[in-house]
Every structure is written in structure tokens, then in C-alpha cells.
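For reference, the structures are reproduced in the following blocks.
In the two assemblies presented below, subunit A is common to both, partnered first by subunit B and then by subunit C.
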Partner chain A sequence: MAEAHDRPPEQFTLKLRRYDPESGDAPYWDEHTVELEPHRSVLEAILQARDRFDGSIGIRCSCRQAICGSCGVRVNGEPSLACHTHLDAAKAGAENGVIEIEPMGNMPVIKDLIVDMDAVHWKKIQRVTPWLLAKQPVPEREYLVSKESMVDVTQTMACIQCGACVSDCLAMEVDPGFIGPAALAKAYRFVGDPRDDEQFERLNDLAQDPQGIFDCTHCFKCVQACPKDVNPMGQIMRLRRIATSDQHIVDQNNGERHEAAIVGLIRNYGLLHEAELIPRSYGGNSWFAKFTPAAGKELLSSLPVIVRGVLRGKLNPKIAIFGHKIPSADLKAVQAIYDKIESRPERYELNLYIVGEDEEPAPVAAAVGVGPGGEAADASTSTEGSDEQ
Partner chain B sequence: MKVAYWPGCVSRGFTPELHGSMAKVAPLLDIELVELDRACCTGAGVIAEHNQELADTLNARTFALAQQVDGAELMMNICSTCQGAQSECQERLDANAEYRAHVNTTLANEGLSYEKGLTNKNFLWLLVEEIGLDSLRSRVKRPLTNLKVGPFYGCYIVRPRERLGIDSEHPRDRYMEQVIDALGGTVIEYAGMRKCCGFPIITMNKEASLKQAGRHLGDAVDAEADCLVTPCPLCHLNLDLQQPLAETVVGRNLKMPVLHLPQLVGLALGLDPKELGLSRHVVRPTSVIDWSTSVVAAAAA
Partner chain C sequence: MTGDGIAMAYRAGAPLMDMEMVQYHPTCLVETGILITEGARGEGAHLLNANGERFMEKSAPNKMELASRDVVSRAEQIEINEGRGVGPNKAGIFLDVTVVPRKRTLEALREIVNLGRDFAGVDITREPIMIRPGQHYIMGGVKTDVDGRTPIEGLYAAGEVACVSVHGGNRLGANSLLDTLIFGRRSGEHAAARAASMGMPSVDANAALREDAARIDAIVARPRDGRRVSEIKTELGETMNRHAAVFRDEEGLHSALETIGRLREEADRAWIDDRGTVFNQDVLGAIELGYMVDCAEATVVAALERKESRGAQFRTDYPERNDAEWLKHIDITRGADGAPEVGYSPVTITQWQPEERKY
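Coming up: the complex of A and B.
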């Protein structure tokens, strides 16, 4: 790192998205060239442009060290903290070497790079009752809980409320009412807290809400966006897991039924029996689901799609009716795995955010992919973004 | 090259043209496919949502079966969702020896064991990294000249970057553009190319799901793409099978053909469109294919 810090100042060109809703003018792009050492941050570059060329550039910032979460922007189209993005890296990732800086998405722009966090992000945080609803009676002095029981929620506690995940949430892009990744990660912080008294109520609320935990489209955008490795999508999956498996909440959004259908169909067939997925998601995890009113209605509305698929030879009627299976000996082996794991008194979960990665060297073995030139290291040695979900 | 081949479920179920076209294309690229027909579904992230250890064990079983394939250089899949779901399980299995041993205890009942360090690549990655773009280019018999192709990646194969090994040396999130270019086509960039097709919430929030599909298809129409190409059969379900419904949700005509990656490669390598299952799509790729001559329409123009 010392070498990077020794490099002399270079010129960096910034392309800033400018917009002042009060002016009545349309948004426009504005370019400025600044001079800074390459290891300096995008935030420092924006501030230099403001100081030297145009005092009207709007940017919000405070700590300048990735703690306060104020300077969330999009750098080259990706949500980032401006203070946490080095200029050399930003330039390397920029088209034609010009660093493009825009306000975050999914939130209205107040001015230039400043978005209205109150209108979206903080409203959603408030939606999930972001405080402890303590078990009674409240002890006179401090609560005593085991260290292990709190470790589980430390990942969500790392959130600095910068809004980067909200900015690029793809479910929110089409469904602005979705509670969203930051607020749902905050919800897990209390659902997973052993001192909280209302786990069921919290989960039932978030499961029954059509824009709650089952509205997440599993796109990993928030996992990628988070500068603090909070893994919001992973927290949403944990909320779903506890809601369905522990609290047995059956929601009105088909969330629990959809999960049970996929898990159950793979147990029964080894492969996904797609034709059974819709009826079971709407009508319950049984072959008879298709005769329930909810499933019947949905199947009827999908009839044109089904007919077209069959006519085109896309849907093989035999597979649509009977499904496809793996060989019976293998299916038995798969079912034995299900039986063993699902009968454990407690789920066994590995959270890499907590335990990290061990440092043993990769063994040399005559197995697929460990030969020379194997790329496995690419996918297996990184710790960033490697938390459980 | 010999690969342990995981076709996935949907490619043999609701998008049979994907598995079929891969089988046709493989010999032209000197790929020998040894199908992992004993392996089960990856769970598509939903089994992991239900029980992480169950997902990790079922996928470790698949990895162990792949490692038993004699002479296979690596494991290959043809589904972005399989790639993502398997990579996530592999990340945990490879990261922690104790956990791996725990999972292998369950597999031991079948005499199987997963050893750390499997290489598992989607067909897209294999095309660029193992076969190489120059070699691919040299095999093209019917260049996709003037054909405007928009890539649609699918979330699971582009995020999170670190887990999927995407970096400046392996720009796997740009490989589709490189492949389209190598096949002689014109790359169309559009807003939705790395966004979500909406499939995971089709039974939970159908309107939002179809709005996602419809919006990205509409972006591609506006960018004047002739067709899209995807390495993910689940995306294909929402973008093609559900396209008529997506049209009603976004309130516009789309008529955008969506090809599977092996189909696009097969066309350029000279295969017959029908053989590649192009007649099986809901949105017929008439803008791509001149059905009377089986020649890429745009190239003939």
C-alpha cells in the first residue's frame, strides 16, 4: 500500500449528474478534471471540483471514512460510498477513463448527488419497528444473554444506513412499496435478538405483507452493493427460514407454500417438477393442490401460456403430468439426506461472516478441477460477500 | 475436452430445447458431455433458504459425483441459477474443513466424498476461458452478420462478483458481449441486461415479476435488438414463455425472441434452426431466422 500512497497526483475527469428540481431545468451532465493522488477517494475528487470550479455542486458527506454512511452515490453505475472508492479503481472501471457519478436510485433527488433518504429509506426502516420489544419483566440491571446468541445478529448491526442497497434494489425498482433490503436486514437484527419478545408477531407481519419478505426477488444486488458486508438478501432469507420452518407461518403471498413446494418436489422427484410448482404454490404442498380454488384460478389464468407451450412442443405433456425423476437408487439416497438433516434438533448453519475462511492449503488430488489451470480459486478464496444466506 | 455435465432440471423440463441444443453444439466444439444423471436439483437458492445444510449436502453430492467422472477436466452447467446456487454452496464447503467433513459424513452413506477445489463453469465461461474466443471464431460457419443481439445474463451468474470469480482478468460479466462479437453478431447494450427477470417471485408477486420481464424486454425493443440471448433457462421462462402476459402488464407489444446461449452458438456454427429447437419458443424467432432457407435473415439482407 505504501507504494500506492507514494504515487504523485494525476488528473481525473469526473462526469457529474446535476439536477436542481427547484430550477425547473432538466438534469444534465457536467465534467470537471481534478488533480489528486490515485489512492484518494472519489469523494475528495468531488469536493475538489466543488472547491475549485463550481461551488453549487450538491454532495452530502461527513466522516469521510466509511463510517457515517452519508456519501452514497453511484460510481460508474454501481452504488458505492464516494469516500470508500479509490480514484484509480474508479478510473479503471470507467468507460473511456471518465468517472461517472450519479445520485443513488430508487429515491427522489433533492439536488445533484443528494437524495431524499427520509422519503424512502428512513420510512422503510421505521416500518419494521426498529427497536427492541423487550421480554417482561425487564431486569433491573443489564440483560444477561450468551455471547453466542448475539454473534448471530452482529452482521446486520454492521449496517451504516448508507442506502446503497436501497438504491439498486431491483424489486423496489418495479414495486416501490417493497420494504426493501436495508429495513429487512434491520428487522432481522431484532428477530434474531434473544431479548426480543415478539419474534412471531414481527415475522407474521413481514410475511403477510405483500411487499414484505416474500417480495424479494433474490437478485443479489444488495449483497453486491453493501460496503459493510451486511448481506441484506441473506438476512431476508433467514427471516423467511425462521418464519416458515420455526414459526410455521403460512402467508397469503404463497411464500411458505412456494418454498414447501420446491423443497418437497425435489425430495419426491430429485428434480424440479415444474408443472406442479404453480398449483402447489397456490394450493398447498400436495398433488391435490390443483383442485383448490386458489390454484384452479391461477391455472385457468395461465391456460393460454400452457396451451401455447404444449402446441409449440416446449412442454412435453408426459413430463408436465408425470414429471421427471432421477434413478430410484439415487432418489433414495437424496431422501436419506433429507431425512437425516431435517431430523436434526437444530439447524446446522455455517456463517462465513462469523467464522471466516480457514487457511489450509488446497489438497492436490486427482479430482475434477484440481488439475493445473483450475479456476476454482476464483470462486473459493474470497471472503468478501461470502457470508451465509 | 471431457466435462462432467450438469444440465439442471428446467433444461430437461420446460425448456427442453436448451438441453437439446447443448447436445448438438458440444461435438462441434470438441466438448464431450458426461451427463450427471444421478445428481439432483441445486435447489435454485430455495432449498438454501429452507435449510442451508440440506442445500450444501445435496450439492456436495453432485460435486462428488462430478469428481468421480474419469478424465473430466471440470464440471459444466448450462444454467445461471445452477451456477449461482452451486457456487454459493461450494464457497461454504471450500472455506471450512470442519464443515466439509461434517457434510461428507452424510455423503459417506453412499460412499461419496467431496474434495475441496472443484472447477464448475457455466457453458458461457467455458466458451471464453477453455475453448477461447479465437477458436470459437474459427469454427463459425454462418456469421451472425448484422444480427443485433442483446445479452440477458441472469442475476445468479453476475452477482456477487467475488463469489463468481469476476474480476479484471476474468470479466465474466462481459463474456456474452465477447461471444456475440466472436460469432459475428452486433452487441446491443440495454438497461436491463444484468437485471432480474422476475422469475423468483412469479408465484408471490406476479405483477412485479412480469413488470420486471416486460420492462427489460421493452428496453431491448427500444435499443432495437433483433433478439436476446440468455444462459439461464429460468430467465427464459419469464422472458419467453410468459412474454404474452408480460406484454399485458407493461401495456405494450414486445415480440422479442429470446434464444438460449447454445442455440445462438449453434446457429453460427451452421446448425439447422429447427434442430436447435428454435421452433419451440413461444415468441418465434422470426426476426432471427429466415425459415425458408434456414439462414440468419439479417445476414442474407
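Coming up: the complex of A and C.
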């Protein structure tokens, strides 16, 4: 995984997105060519440009080693820490070899590469009560927790508040009020802490909030953006599982019923039965749900979307109404997976962050465990299951 | 680090204490100075020179790599100075973590596994990584009592800014938490109680603001005939690394003091690009440079004054510890003409008699 660090300096051209709030002018591009070894960071390149050519280039930074979270920017359109992005990699990913650096998204730009973290990120962090509400009485000395509990929250504790996930959260782009990936990952830090006294209250709050845990659309952007492998979306899914399966919170956003509907439909049909989804999400998990007033109202209001879907060929009316038919052997295989998972006394939670690498992982386990995010749910059974149980 | 707090208190007339006691951490990446945690040696990692020798045998045969930071840093610097360093300019030492079981390294030292991979291109579980001593912490700072009070009425200091002198001349790992958790709390409580017991002082806040605004305007208006802030900053850092680092001597410290004097004049005229009033980091850099010069000067003056070796201070021209003459603090106060004035204060000795550390 390590790369050579002994190559001589090379020239790199940076294209910086500049903005001067006092000029009255629109943002503009500013190019500088710097000379550095290819393994040096994009941040070092920006600082060299600032030191040598233009001291007015604005960028926040402090530690230069990916632990302070100050230098979040977009490099070639992707959110990252400038100090954590090597110049050669950035150049390889750039159009015409010119490295494009822009401020992060979803937050107002104050100047050049500096965004207003207070207005968005920190406000959202405050929203989730980011401190321990300890069970009483608090012990006189150390408050010990089990190793399992510690491992469980360690991944969210790796967050350095850089805002990269906030920058590219698609749900937040549509709904700026969404609490968002960083703050919800922070919420899990305390929901998962056995010393905290208000797990139910925290979860109920985040489930009932229309811009809470059920506002996430599983796009994986935050998982990809995070430079510290915090996997914010995974933490949001954990919050949902605990809220619904463990605390049985039925929320006003129909998040819990929607999830139950999807789980139930796939068990029955092997694939999602689209026409049944809305009725069951709003009217309860049964075929008769479509006759309830709540489902009828929702179906009616969704009609324009349904019609557009049909007209654009995204929805096949026949399949949508009658459901997908899959061979009965396949359906049985799907249901066997359900039976196996549901028969377990405890739910396995994936934490590749800690259990990611064994001494020398067996080829099969490695293939599953190191796969892209989408395979993650399966990996819990093979890698973590064997190690942690 | 730019020493803003220390310099601001110094300019307000508060004495600085133990400024010569600058801690060098033994394991920083050669190229960037990024810290590799002491935990690596705690887990059993070895330090090797170019000949593959565990050179700590020579200076600390009992403690080896676990000797205190000053001892390990000096041992490394000797290997480098005597040509047994590793890497392109023989300016590094090998830290060999491969002797620690790989699984243990991945569990207990994950952060430095990542640092090695991302900032040195090395998988520390498979090969040694090149390190060197690097400036890490300053035991000195604004002289305070145990409640954070400085000799200036109403001015408190806490954290690395302060020198309560609990670390003596050589802080041990993790003990900087005392500065923040213990003395931070004590200072805060004491300052709050004091504030509650007195009336609102009559201060012309607008005058202070006007003064600062004028200072900033003057920086922004400087003509472009001097040097850039970044150039001066780099030269200051190089000077301190060369003459006021792990090993010091009279000649080097004198030369550093001369350079600092010139840099101070240049810093006062250093020009900047940014003329704006929003997030002007350029003007901030110019102000910080002035603070850095103050701190550097106080450190060099104190290091020159202490003609012995103790704690983090090692004088090659005075290699022995000398309790008869130097079991005392050096205080640096800013004189009326702006030049540093040297004074002394006694060492408070409580339960433990100070004695020479031997391995």
C-alpha cells in the first residue's frame, strides 16, 4: 500500500477557486505553478503558492497531518483534506493535469477556500446534544465501559469535524435543514455509549425530526468523502436499526413503517413490489393498507410522480401493479437469508474500522471484507462475526 | 505554533520563566516533522542507526528506547552528527516497528500506521520508518503560581502558554494534561472568583480597538521594499533549529541572537499581499511573526544565560549539571527599551530532592 517517496520535485499547476467578498466580483479561477515532490500534499502546494506568489490566498489549516480537520476543500470536484491528498494522485485525477481546488459545498463561502463552518456544520453538531448525559450516580473514579462498547463507538470518534461529508451530502443539497452525516455520526457516539442515560430520548428526537435519521437517502457520498473512515451513513443506519428494532420507535415521518414495508415486501416477493410500497408505508404492513385514509391521501399526492415515472419509462405499470415474479427457488433462497438473519439471538453490527485487518486474512474473508461499501452488510457475518464473537 | 500568548503577556510586562527548556520529541518524520507517538517505542519498537545498531545501548543501557525524551533525542542527534544517520542526507534514524506483532500494531498504533502510509510512504508493519528529533513542547512560558496568576495584577495564564513549573526542565509524556485540565481549571475558577468580587474596571475599549486597528492598517500599508513574511519565518525556524535545538553552545547561540536581531528589524517591515478586511490571514501571519521573534529571542537569551546542562537544555560547552550555581529559574522580562532582561527566581522543592538522572 505504501508508495515510493524518493522521487525528485516536479512542477504542479493548481487552479484555485478564489472569491473576494469585498470586491463585488464573482468567484474566479487563479492558476499557480509550484514545485514539490510528487508525494507531497495539495495543502503544501497551496501554501507554497501562498508563500511565494500571493499571500492573499485564503485557506484554513493547522496540523498538516490529517488530524485537525481544518483544510477540507474540493480537489478535482471531490471533497477531501488538502493535506491528505498527494499531488501525484491529484494530478492523475485532474483534467489536463491541472489540479482544481475549490471550497467545500453546502456551506457559504467566506473567502477563497474558506467556508462558514459555523453557519452549517457546527450548528448541526450542536443540534444533536454532542455531550454525554451520564447515568446517575456518576462513579467517583473512572467510568469503565466494556471493550466491545468502546470498539462500537471508536469509529465515530475518529471524526475530525472536517466537513467533507457535509460538503457533498446530496440530501442536504435538497433539504438544507437535514441534520446531516457528520452530526448524526456524532449522535451515534452518544447513543452507542453505555454510560449515556438518554438513548431513547436521543433516538426518539432524531426519528421524529422530519430532517433527522430518516432524511438520509443512502447515496454513500459521505462514506466516500470521509478521510477518516468514519462511515457516517453506516452510523445513521445503526441509529435507525436501534430506533426501530430495539426501541420500537414509530415515527411521524413513517420511517419505521417504510422500512418495515420494504423488509416485508422483499420477504414476500423476493424483489420490491413498488405499488404496495406507498400504501404499506403509510397504512400499515398489510395488503389492506391501501384502503386506509392515510395511504389513500399519500397515493393521491404521489400521483403526479407516479405518472411521470410511467411516462419516462422508469416504471413498468404491469410489474409495478402485479409485482415481480421470480422463480420460486430464488424466492426460497431470499427467504432463507431472512430466516438465517432473524434467527440470530443478536444483531451483528459491522465495524470494519477496528476489525478490518487480521494477521494475514484468509483470501475469502478478505474478498468480502475489503470490498466496496455496498458489500459491507455481508462482511459483518464473515469477518467481524468470527473475530468478535 | 507561533507563541502568541507568551509574547502578548511578555509585551504586557509579565516575566517569562524557563524559556530555555524546549522539549524535542525523539520520533518525528524526517521530511515533515509529523509526530510518531511515543507509543511505538512503548510497544517495543527499536531505534537503529545506519549500521543497524540499537545505539540506545550506549546512552541508556537499562532503559534503551524508553529513556526520557531528551536523552533519546540527544542519542539520535549524536548518531546523525557523527555520520551514522540513515536516508538521503543521513539526517534520519530508523524507527523499527516491525518487531511489534503486526496485529498489535494495527490495533494499538493505527494512527501512526496511517501517518506512515500517507506521509512517508512506509508500511510501518513491514519496514522501518525514518525519524528525527523534532521541536515538540516548551516547558517554559508565562510565570504563574498554582492558580494561574502572573505577577501582573489580573493577568492569568494557563496551558502551554504558562509556566507553573510542574514539569521542571523536562516534561514527561501526557503530563501536558496538567497544564490544561488541572491548572486550566484552577486558573479559570480563581479568575472567575476574582472577577465576581470586583467592580467593572473603567477601560476605554474603543481606544484599545483604535490602537489595534492602527497597528493592522500600518501592516497593510507597508511598502513592498522589504522581505516577505514567509521568507523571514523560514529563516527564523532554520536559525533556531541550527543553534537552539538539541545541542547548544555559546558561539551558535550568539550567532542566533544576532540573526534574530536582524530578523526583528526585517519583520517590522515585512510586506503582505492581502489588503482586505475579511479573513486576512496575511496580516495575521505578519503579527504572528512578531510574536515568534519575541519567543525565539527569550529562548536564546535564556539558553545563553544557563551555563550548564539540565533537563532539555544541553550545552556542549558546559555539558555538566551544576546545582551549586544553576539550581534556579531564569526569568526573562521585557525591558523599557524592548530588550530582554535576565533575572532569577528560586526553585520550589517539595517532596522530592532534585537529583541527576542516570540510566
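To be clear about the criterion, the second predicted complex is superposed on the first by the 312 of 389 C-alpha atoms of A that agree within 3 Å, B and C clash if a C-alpha of one lies under 4 Å from a C-alpha of the other, contacts with A are read in each partner's own complex, and residues count from 1 in each chain.
Note that in this section contacts are C-beta pairs under 8 Å (C-beta built on N, C-alpha and C of every residue); 3 or more make two chains touch, one makes a residue touch a chain.
Bear in mind that the values here come from a model prediction, so they are computed numbers and not experimental data.
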- Figure out whether A:Asn253 sits in contact with subunit B (first) or subunit C (second), or with both, or with neither. first
- Item | Residue contacts with subunit A in the superposition, subunit B compared against subunit C | B
- Query: So, does A:Pro130 touch the first partner subunit B, the second partner subunit C, both, or neither?
  - Reply: neither
- Message: Going by the contact rule set out at the top, does A:Ala333 touch subunit B (first), subunit C (second), both, or neither?
- Response: first
- Message: According to the stated criteria, A:Gly105 is in contact with first (subunit B), second (subunit C), both, or neither; which is it?
- Response: neither
- Message: Quick check on the superposed pair: does A:Asp54 touch subunit B, subunit C, both, or neither? Answer first, second, both or neither.
- Response: second
- Query: Between subunit B (first) and subunit C (second), which does A:Arg347 come into contact with in this model arrangement: first, second, both, or neither?
  - Reply: first
- Message: Under the contact rule defined above, give the subunit A residues that sit at the interface with subunit B and also at the interface with subunit C.
- Response: 356-358
- Query: Can you name the residues of subunit C that touch subunit A in the complex?
  - Reply: 31-32, 34-35, 88, 102-103, 106-107, 111, 114-123, 126-127, 228-231, 272-282, 285
- Where on subunit A does subunit C make contact in their complex? 1-6, 20-22, 39, 50-52, 54-56, 58-59, 64-67, 84, 86, 110-111, 114, 354, 356-359
- Tell me, which parts of subunit A touch subunit B in their complex? 92, 170-171, 173-175, 178, 210-211, 214-221, 223-224, 237, 240-241, 244-245, 253-255, 258-259, 262-263, 266, 270-275, 277-278, 281-282, 304-305, 308-309, 312-316, 319, 323-324, 326-327, 330-331, 333-334, 336-338, 340-342, 344, 347-350, 352, 355-358, 360, 362-363, 365, 367-371, 374-380, 382-386, 388-389
- Using the touch rule from the top, collect the residues of subunit B that touch subunit A in their complex. 4, 9-10, 12-17, 37-41, 43-54, 56-58, 61, 66-67, 69, 72-75, 84, 87-88, 90-92, 94-99, 102, 106-107, 109-110, 115-121, 125, 129, 155-156, 159-165, 167-168, 170, 195-196, 198, 200-201, 203-205, 208-209, 211-212, 215, 241-242, 244-245, 279-282
